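For clarity, chains are labelled A, B, C, D, E and F in written order, and residue numbers in each chain start from 1.
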Amino acid sequence: MPIVQIDMLEGRSLEQKRALVEKVTDAITESVNCPKEAVTIIIREMATQNLGKAGKLKVDQK
Amino acid sequence: MPIVQIDMLEGRSLEQKRALVEKVTDAITESVNCPKEAVTIIIREMATQNLGKAGKLKVDQK
Amino acid sequence: MPIVQIDMLEGRSLEQKRALVEKVTDAITESVNCPKEAVTIIIREMATQNLGKAGKLKVDQK
Amino acid sequence: MPIVQIDMLEGRSLEQKRALVEKVTDAITESVNCPKEAVTIIIREMATQNLGKAGKLKVDQK
Amino acid sequence: MPIVQIDMLEGRSLEQKRALVEKVTDAITESVNCPKEAVTIIIREMATQNLGKAGKLKVDQK
Amino acid sequence: MPIVQIDMLEGRSLEQKRALVEKVTDAITESVNCPKEAVTIIIREMATQNLGKAGKLKVDQK
């Protein structure tokens, strides 16, 4: 019963999310031997002012 | 000091969230023996395009 | 499809966890109107040296 | 490679988030001995109707 | 900079985790268009007494 | 009421965790203007076989 949480920057299309959920589910079922039905994926989207890396907000990086 | 994170689909009313926080807090204090004041609950709401189950987005399921 | 993560100090018995999962699931189904089968609960246990409150580790508090 | 998730009430300014990411990153590199580049921070903002404490929603507390 | 958290039951081999990280990373880079280097994956393992489904602990299900 | 979750590799001493909690709490109270008592920090430690970066487990990187 893998539960997957994916945090990423906002701005991905519905098409990209559809591919993401399909491919990540396949990747998990192939590697840890569980049925597709057991995989739940939560996508969380962040604004660039809510992600920090190396002490700086993403919105301030170029 | 239980800290509870609840991820669920968006669309619940304020009344439902009020009941959720009251009842879940009671459920925890009764079962693990801690004071009400020690329980913190974070509710996170997802759009149907941000939840995947069995390789498909919720928004694409019927 | 509520997914619940509960972080709490280690040391609860199997009996307490059994009650926790049963009661929290009931609390959720009653308040947000979803079937029991849709509720998943992850319990995470912490050592007292891995919880901080008000700037101090729990293990250092009396 | 510390990964930090900070859940807090919404309403902080960009200036406050900038300070938060800078200072928390410094606090981590000083205490656990890792380079600044290794620290990632995710800020998650909650509405007052999505935070519960002691069985009550924040929005209902005075 | 996708950050992925995977919660699953304990008991997977090193070989399975190696495959999991490789395949999930590929799945993400292919679907949301980001470099491999940007993907971080945290695996969290649970005992069967720390997972609840439909009101019952996994350890109590057959 | 900031709630902070810090995921990092295992192996830090009690002394380092003590410093981490003290300094991160100060960093937060200074930047987002809240009392020390409102800050909760959860430290989660990972084995090197449970962290993946760029498609490889940490345990396999040199």
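The criterion applied here is as follows: a contact is a pair of C-beta atoms (placed from the backbone, for glycine too) under 8 Å apart; a residue touches a chain by one contact, two chains touch by 3 or more.
All figures in this text were calculated on a predicted structure; none of them were measured in a lab.
Any chain touching chain A that also touches chain F appears here: B, C, D, E. One finds 12 Å separating the Cα centroids of chain B and chain C. Our note on geometry: chain E versus chain F, Cα centroid distance of 20 Å, whole angstroms. Inter-chain spacing, taken between the CA centroids of chain D and chain E, is 24 Å. Contacts with at least two other chains are made by residues 1, 3, 7, 20, 22, 24, 26, 40, 42, 44, 51, 53 of chain E.
Two chains count as a pair here when they touch; such pairs are A-B, A-C, A-D, A-E, B-C, B-D, B-F, C-E, C-F, D-E, D-F, E-F. Only residues 1, 3, 40, 42 of chain E touch chain D when the two sit together in their complex. Contact residues on chain D toward chain A in their complex (touch as defined above): 14, 17-18, 20-22, 24-26, 36-37, 39-45. Across the complex, chain D meets chain B through its residues 7, 44, 46, 49-57, 59-60. Chain C meets chain B in the complex at residues 1-9, 12, 16, 19-20, 22-24, 26-28, 30-33, 51, 53, 58.
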